[in-house]
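Next come two complexes, and both contain subunit A; in the first it sits with subunit B, in the second with subunit C.
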Partner chain A sequence: MVIEIKELTKKYGRKEVLRGISLQLETDTYGLAGPNGAGKTTLLRLLANVQKPSRGEIFFDEESMRSGRSNGSACLNCFVNRNRFAGKTVEVGYLPQKFGCFPELTVYEQMKYFACLKGVEPRKQNGEILRLLEAVHLEEKAETKCRKLSGGMVRRLGIAQALFGTPRLLLLDEPTVGLDPEERNHFNEIIRRLEGRLTIVLSTHLIEDVRNLCGRLIVMDSGRVLMAGELEQITEAARGRVYEVTKAELEKLEGPFLVRNSVRKSGTELFRVILLGENREMENHRPCEAEIEDGYLALLKGKEAMNEKYL
Partner chain B sequence: MKNICELQKLHLHAQRIFYLIPLLFLYAILLPNQLLLMADMDETEAVRVFGLAQEYLLLLELWFQYLGVRFLLSPELREVSCCGSVVRKPVWMFSNLLVSYGAFLPYGICLWAKSGRYAGNVPVLFFQCFVMAVLLLFAAMLLKSPLGGAALMAGYYFLCMTHGVPQTAGLLSTGRLPQDFEKQWYVIQIFAAAVSIAAVNCMEKTRYGNLQV
Partner chain C sequence: MRKEISRYFFKSKVYIFLGTAFFCVPYGFAIFFTSLGMTGFSLLHTIARYNFYLCFCLICLTYDYVSSANRNYVKEVSEAYGQRFVYERNAAGFIIAQTVFWNFGMCLLLALCSLRNDGTDYFLAWFPANYACNVLVPQLICVGITFFVSASWNSSRWVMAEILFLFLISPFAEDVVWREKPSVPIDAVWKFFRRPFEILYQNGVWSPDVQNDLQLEGSRISVQIFWLLLLICVGTVAFEKNRRYTVLTGAAACLCLAWALQPGSVYRLNESWDGIRKDFTDYGIYVDSNAYQPLKDPAFEVKEYDLEVSFGRQLSVAGSMEVEAQEACEQFVFTLYHGYQVKELSSQTEGITVSFCQDKDRLLVKTSSQVKKITLNVSYQGYHQKFYSNSRAVMLPGWFPWYPMAGERQIVLEYPEYGDMWGYNPYNRIPEAHIRILSDCALVTNLAEQGDKIYEGDADSITLLGGNLAETQDSVVMDYLPLELYAGYGTEEFIVKQRQEYQEALRKLKQVYGVDCSELENKRLIFASKDMGRNQTNNFLAVFDQYFLAVPNYVTADSLLKYMALEDCENQKRREGSALIGIFLMSYFDDEPEQILQSWRETVQMQLQHPEYFDCTVESPELFLEILETSDSQELVKKAVHYMLHPEEYIDDQEFLESNSSAS
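Up next, the complex of A and B:
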């Protein structure tokens, strides 16, 4: 499935949260990264049809989500109160940032609740629920009340509900927030099993998640897409600009730069810096191998560096 | 429709205690007392009994509808239940209304059987329950909060009960016999319900209630 986003704009009152975003998504796992307020959650909500855009359109396989019309042809069916248009159902699974359960329901009942909402036929519900609970390793918790689940289990339940009806687009809004390493591994394993079968968009603050799970990354800031591409392309933004320098060298450094972190090597503290701005390189130093985090930060902060002298 | 039934079963099972306690009060305490009162009642007493029945049933309807709206529009689940949901909110509201009618019907029949010429008040009572249900859903969606909607309606309910609003505008008018309700009152009730349903439909289509506040 190809999802085409054209000039998507979303305003809350006068505040423009998304500013004319255009993107094309194919069957792959996409990371959606950016600072708070970049517009990641809004973009996911628009894709999930939880909210309507102020301007612009989303096309699923060349059919508009908003009006039901084909890209460039006349409108036949209006998009109504579900992800259904032009006689077809676009299966979209969505795990929002704030996902909760009814504490009074068991895991199985909570899944039944979602099955009913999503229109899964009652006779197929049982099989489907068991299949999904097994997929997220919650089959043994089926009869446990939701109030007794850990945060990680609730997130897994969230993924299970998003997978109802074998969606072709899976939207996950910061799914790994608050998970311990073991739960994160569980989550990664679940996503890896889905790879290649559907389009996954995973919004996250953690570049580690992107490196582990995503084939491509979309970097957003202030409602705009700074860059979208394969991880290698994002890394490219920092290639030749990453250096490890001592404190003394750091103090002498001129022009805009960013200190990513510091490490202690052979008793000396070394600072990993990313030089920003145009055509920057350090004399008498060999650049380090750039990582995806460097590329991401170079993209985010590079723009700011144009306006600010030092970071 | 099958999904609505399944969802309703889940809803009733999950919140059964919140349904059972008020119904227990209705059938174990209120109804026997009212039947005793009705054994040889005069007109003043009949009006008083119906007034009491209306007040309690409308309050109960408000509570039942809140439970139903809460189940579908709870803040934690609102976003996820709006993505690809096939359950329309007015349809869900009507199914909740059927549940409460089912719960109130034996009570209504008992009252009807005993009330003779005042029997007309029972349908009026059920009609008011319908108006209450529609207004509560509208208020909950408008305020983007089931609790907010219920609180607003509870406020309106108490205003009506204490005659804080004029009788023709008091949609939840109580303590009157059917023949005392003017045509204008019915027109206002139907109009309010129709406008509320239209507004709910409109909000649903524009995803108004889906925004997180």
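Up next, the complex of A and C:
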């Protein structure tokens, strides 16, 4: 499935939270990264049709989501209403940033509610619910009331509901927030099993998640896409600019730069810096191997200095 | 889906508690009051009075339940799956089903109550509209509004608006009235602002007017239609229906609101200066003395009235009057209550033109030349705050100038003999005229029905009554108020009782009090609701040439004696100056003479102990007490009544006492 986003703009009053975003998403796992307020959640909400764009359009396999208008051929009915289009069901799995459940229902009942929302046939509901609860390791909690679940368990329940049916587009807004390392690993497993079968867009603050799960990364800031591409391409943004320097060298460093972290090697504290701006390099130093985090940070912090070629 | 949503309701303790309270408390009270013998109408009135609290309960329940998906972060998922408002719709549907079920149960209870306790089978005539307007529709409006508030993404922001709405429909907002006219017309602004929120029964602190029933005037119904249309309009926006429907329903809602804001006759027993107290503000009763003045005989009479009356939002009258003067003149002064605006007044008599000027209650008609006889065409429209006249009910007593009365009349009076209280003047009469009334609704009048809604006859007044009244076939009691009757006191019992009371009153007047009541005999009794006189000194009874206009159970010797005493305005000053008459007027003349004497004895003793409590005390209390001890009670009461009615026959109290002392 190809999702084409054209000039997508979203305004809340006078505030423009998305500024003419254009993207093309294919069957792959996309990481959506950016600082708070970058517009990640809004983009996901627009993709999930929870909100409507102020301007621009989203096409699913060339079919317009907003007006039901075809990008090329026939004029069609509204795409998202029950996600039906031209007789086939295009299912979306969506885990919002704030996900919750009715506190008085049991996990099973809550899943049944989501199954009904998703239009899962009644005779298939029981099997699907058990399968998904098993997949997120909540099968033992099936009869537990939702109000007794921990934050992590609720998150897992959210992931389970997003996987109902056979979604072709899975939108996950910060899915690993609140998960402990074991749960996170398990989540990674679930996503990996889905890879290659559907389009997954995963909004996150954690580049580690991106590295583990995503083939591509979309970096956003202030309602704009700074860069979208494979992880290698993102890393490329910092290649030749990453150095490890001592404190004394750091103090002498001129021009714009960014300290990512510090490590202790052979008793000396070394600072990992990323040089920002055009054609920067340090004399007498060999640049380190750039990582995806370096590329991400270089994009974010050096967007003005890094020129438009990445935009 | 529906099953899951309703399961959520039944699993929540809060909802179960609120839901159970919503059912059990009102049902429990309904059953309790039914067992006590309350009539169906009184029970409905009680429910209507407390409907605000039921609506409050429903609003809380609806808000919490419907906004649950939003508050628990389930709504976003549902939107993403193309199921817009699916939870909210189902939850509201569940609440509405529950509300309808509640109402069905309450209707059954009311029907049972009515069957068990009512004195007539009038139930179906009054029940459906009164119930729908006062219980069901306000509840549905509250649920509807709460649905949209709680279904919105910003429900917590909108909830402030809902709290404001709740306040504005509440009895607390209803009680915000200005007893005195404010210098800045803030009250008018408040009234205008609050009118759209009058969806519930207004003024729940008073018992209802059984003739008018529970406020089903057009303006109130159009307020309710306004809200229903507004909800549909908002619904078309929320559910993205055709814009045409939005525009149509929005425009219709605005029209209903505009209609509701038009002035009209509604009867609301609140304490506002321009509400039930309007006349007392207008006539300056608290500022100047407005004691009874004898009517200066006008130099002309209206010989014939031919009026067409219609009752919509207010009273509309159009017709003609045949005026005859003793001597040719060119000015005719009438009295017409200032709430009725004369729209047109012209002459039917050839060669004569007329002009008119309406100044407060005074309607001055000037002719182009002196005439002895003239026929005037007149049309006017308006309403009075208390004496209502709308499509639901009519209360236009014959003594009230809702029709042009010849001469200048007083409409509101101060009655010093009753301790500086006030009331409407029930002594206004017209010289006997031939009257013909054509109405657009069935009425009870002092005139004979000559055809379909045509009433005609010769009379000294025009009394028009309508609403929850029923005519009888009895030769004396003309009508009754079915909503006042109860089990064991049906129509027959009512007629028998009123006839007996009338006969008993006449007997007492003659035999016990020695009053000549030849002018009170052989009259018919027309009954109106208690609201004809409520809050007033008198007005519960008026005697006309052919009939008594009275409130049920007020055709008594006591009422008649006081009515007669006050009617005699010639001797009003004498009565005011007499401490004894003051005591006599405070008596209850339906008691036995011995009891009456006892009440006088107690009053005099009180005057002796606490003279500071009284404006005027008996000059010779010892002598009076001695007379009370030594005289024959029946004889003394008879003499006292005679003194009360004819104070001119004694110089003062002393003479009365001396003439009755044992020594004399």
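In this section, the second predicted complex is superposed on the first by the 290 of 311 C-alpha atoms of A that agree within 3 Å, B and C clash if a C-alpha of one lies under 4 Å from a C-alpha of the other, contacts with A are read in each partner's own complex, and residues count from 1 in each chain.
Here is the rule we use: contacts are C-beta pairs under 8 Å (C-beta built on N, C-alpha and C of every residue); 3 or more make two chains touch, one makes a residue touch a chain.
All values derive from a computational prediction rather than experimental measurement.
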Side-by-side fit of subunit B and subunit C on subunit A, or clash: clash
First (subunit B), second (subunit C), both or neither touched by A:Tyr296: neither
A:Ala48 touches, of subunit B and subunit C: first, second, both or neither? both
Touched partner set for A:Phe257, first subunit B, second subunit C, both or neither: neither
Which of subunit B and subunit C A:Cys116 touches, first, second, both or neither: both
Touched partner set for A:Phe60, first subunit B, second subunit C, both or neither: neither
Contacts of A:Glu104 with subunit B and subunit C, given as first, second, both or neither: both
Partner chain in contact with A:Val92 - subunit B first, subunit C second, else both or neither: both
Clash-bearing segment of subunit C, relative to subunit B, as chosen among 38-46, 380-388, 542-550 or 650-658: 38-46
On subunit A, positions contacted by subunit B and by subunit C: 45, 48-50, 80-83, 92, 94-96, 98-102, 104-105, 109, 112-114, 116-119, 158, 161
Residue ranges of subunit A in contact with subunit B within the complex: 45, 48-52, 80-83, 91-96, 98-102, 104-105, 109, 112-122, 125, 158, 161-162, 165
Of subunit A, residues touching subunit C in the complex: 45, 48-50, 80-83, 92, 94-96, 98-105, 109, 112-114, 116-119, 158, 161, 171
Subunit A contact footprint on subunit B (complex, rising order): 2-4, 6-7, 10, 13-15, 71, 74-77, 79-88, 204-207, 210-212
Subunit C residues within the subunit A interface of the complex: 1, 4-5, 7-8, 11-12, 68-69, 72-74, 76-83, 86
